[in-house]
Amino acid sequence: MQTRQTAGFQWPVRVYWEDTDAGGIVFYANYLKFFERARTEWLRSLGIEQRCLKDSTGGLFVVAETSIRYHRPARLDDELIVTASLIEKGRASLTIKQQALLKTEQQTTGNADVQAATLLCEGTIRIGWVNASSLQPERIPAAILGSLKT
Amino acid sequence: MQTRQTAGFQWPVRVYWEDTDAGGIVFYANYLKFFERARTEWLRSLGIEQRCLKDSTGGLFVVAETSIRYHRPARLDDELIVTASLIEKGRASLTIKQQALLKTEQQTTGNADVQAATLLCEGTIRIGWVNASSLQPERIPAAILGSLKT
Amino acid sequence: MQTRQTAGFQWPVRVYWEDTDAGGIVFYANYLKFFERARTEWLRSLGIEQRCLKDSTGGLFVVAETSIRYHRPARLDDELIVTASLIEKGRASLTIKQQALLKTEQQTTGNADVQAATLLCEGTIRIGWVNASSLQPERIPAAILGSLKT
Amino acid sequence: MQTRQTAGFQWPVRVYWEDTDAGGIVFYANYLKFFERARTEWLRSLGIEQRCLKDSTGGLFVVAETSIRYHRPARLDDELIVTASLIEKGRASLTIKQQALLKTEQQTTGNADVQAATLLCEGTIRIGWVNASSLQPERIPAAILGSLKT
């Protein structure tokens, strides 16, 4: 069983009925929802609210590329920790490494105590900035780039 | 076991992994997706394309009220027939009766032969017309009302 | 604008991209996901874990009936409060009243301070207890009924 | 604009409200639903029904790895063609290449006439066979392997 040091931004996700499928496990597409939630909360933690951003800049991030490995399944009622770490910052796109880890019982809820957990799913996600109307790629606004550090 | 005469517009829906949950059955919210697909296809069969409609009129239908009864569960790989029948036509909203039925093996694919099927889920959905920007209720455009008959 | 006293169990829900549709608002089926999360957390708050329950009793709750009214739309990044209040307790089914409210900026995160919020969506959900294999209705186990109070 | 020769198994998918998000385009996780539908229909076309399979063999396919590139967005009401082509057949896993293409207006519905379409999204999916109870990897049953050709 793999245990990992979690790093970067962390967001708790609980597995509900909606997330599972008839195999009794989380449906593979739903990890992309969990990853999106963690990316959104990571951006929010940096002061970046995407709805405001769209209204003020006329742009938004869209996913350009994903590469995901599914190691172990999550089940109903499981508590996950989903991470997001910026690993590459370009002028038009960002690459983020993300993991979904199963919280073990010894862990307390404070981030400081989350030191080891079973890795369920991990991957890299590249998001690009586009014009909200044309959906054509554009440079990420400087204010956003300035808020991010790798 | 209830068998019913199906009536009104019919749309086939197959149950995939995405639709099921860890109980081995279709998750209750997903029947609302099936119903929405059938309403959309019913409108399309009347010449009403919702994306065009939004672009041309600046309005869209939103759901105002639902009342659903779940009789029997659907499972992975099941073939459903989803119906939509307009039962009330107001100036600002429409009420549609919808059913999800399990296709039985004797049934052929032609609509003419679909005479009896097990009722899984049924309900009424009221949809209202709103301005796409303000989301405030407005009268349904005359061209749409003209295409509909109860 | 309607403001309401919230009552019963409360659960916070954030609106993410996954919840919205091309109308810019939360897709109508997704309120049923929010309601399910709140029911699950309400049961958990009473010591009832549904995965354990299925393993130990061979039964599970399934939704039998819903009646929902959509008053105002939620949008990306909105913070909602979702409530669950048991209003009827039968031998084979429970009826729960649920609301989704928009958290206003004045509200603090502590439940004690949540006194008024804009009502977005509300309804009643009846859930029945079934045998997990046959999916036939059965009496709710006494231990569960004992944990619930109307 | 890229146009491609489509190859392998093809399955039509219509974009509904449920598939889109507030950006006005199909939410990135939902292409994985489309891909799963096409894989399921490809297996069905070979005589492999997954629910029966689980009941008869006690095993199921789960996704082990995905690698996806998003080229252009799909929107509400778009008609897609989703493909599935087996590119690698191992004893415990299969690798499938999949594409989502936008059907253009010149195309007729018959497969024979689908010769060119705009590529929206493509990727490879590796699925592994697991025991349905333990979820541990196992060899793919010989009967299934026999039905597949790369």
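We call the chains A, B, C and D, going by the order they appear; numbering starts again at 1 in every chain.
Heads up, the rule we're going with is that a residue touches a chain if its C-beta (ideal position, glycine included) is under 8 Å from a C-beta of that chain, and two chains touch if they have at least 3 such contacts.
Since the structure is predicted, the reported quantities are computational estimates derived from the model, not experimental observations.
Q: Starting from the Cα centroid of chain B, hunt down the chain whose centroid lies farthest away.
A: Centroid comparison gives A as the farthest chain from chain B.
Q: How many angstrom lie between the centres of chain A and chain B, each centre taken as the mean Cα position?
A: The computed centroid separation for chain A versus chain B comes out at 34 Å.
Q: Could you work out how far the Cα centre of chain B sits from that of chain D, in whole Å?
A: Centres of chain B and chain D (C-alpha means) sit 26 Å apart.
Q: Among the residues of chain D, pick out those that touch two or more other chains and give their numbers.
A: Where chain D meets two or more other chains at a single residue, that happens at 17-18, 22-25, 29, 33, 36, 51, 75-76.
Q: If each chain is a dot and touching chains are joined, what shape do you get: line, ring, star, complete or other?
A: Topology of the interface graph: complete, with all chain pairs in contact.
Q: Mind listing the chain C positions that touch chain A in their complex?
A: The touching residues are 14, 16-18, 33, 36-37, 40, 49-52, 75-77.
Q: Looking at the complex, which residues from chain D come into contact with chain C?
A: Listed in rising order, the residues of chain D that touch chain C are 17-18, 20-25, 27, 29, 75-76.
Q: Could you list, by residue number, the parts of chain B that touch chain C in their complex?
A: 22-25, 28-30, 32-33, 36, 51, 54, 60, 62-70, 72-73, 132, 135
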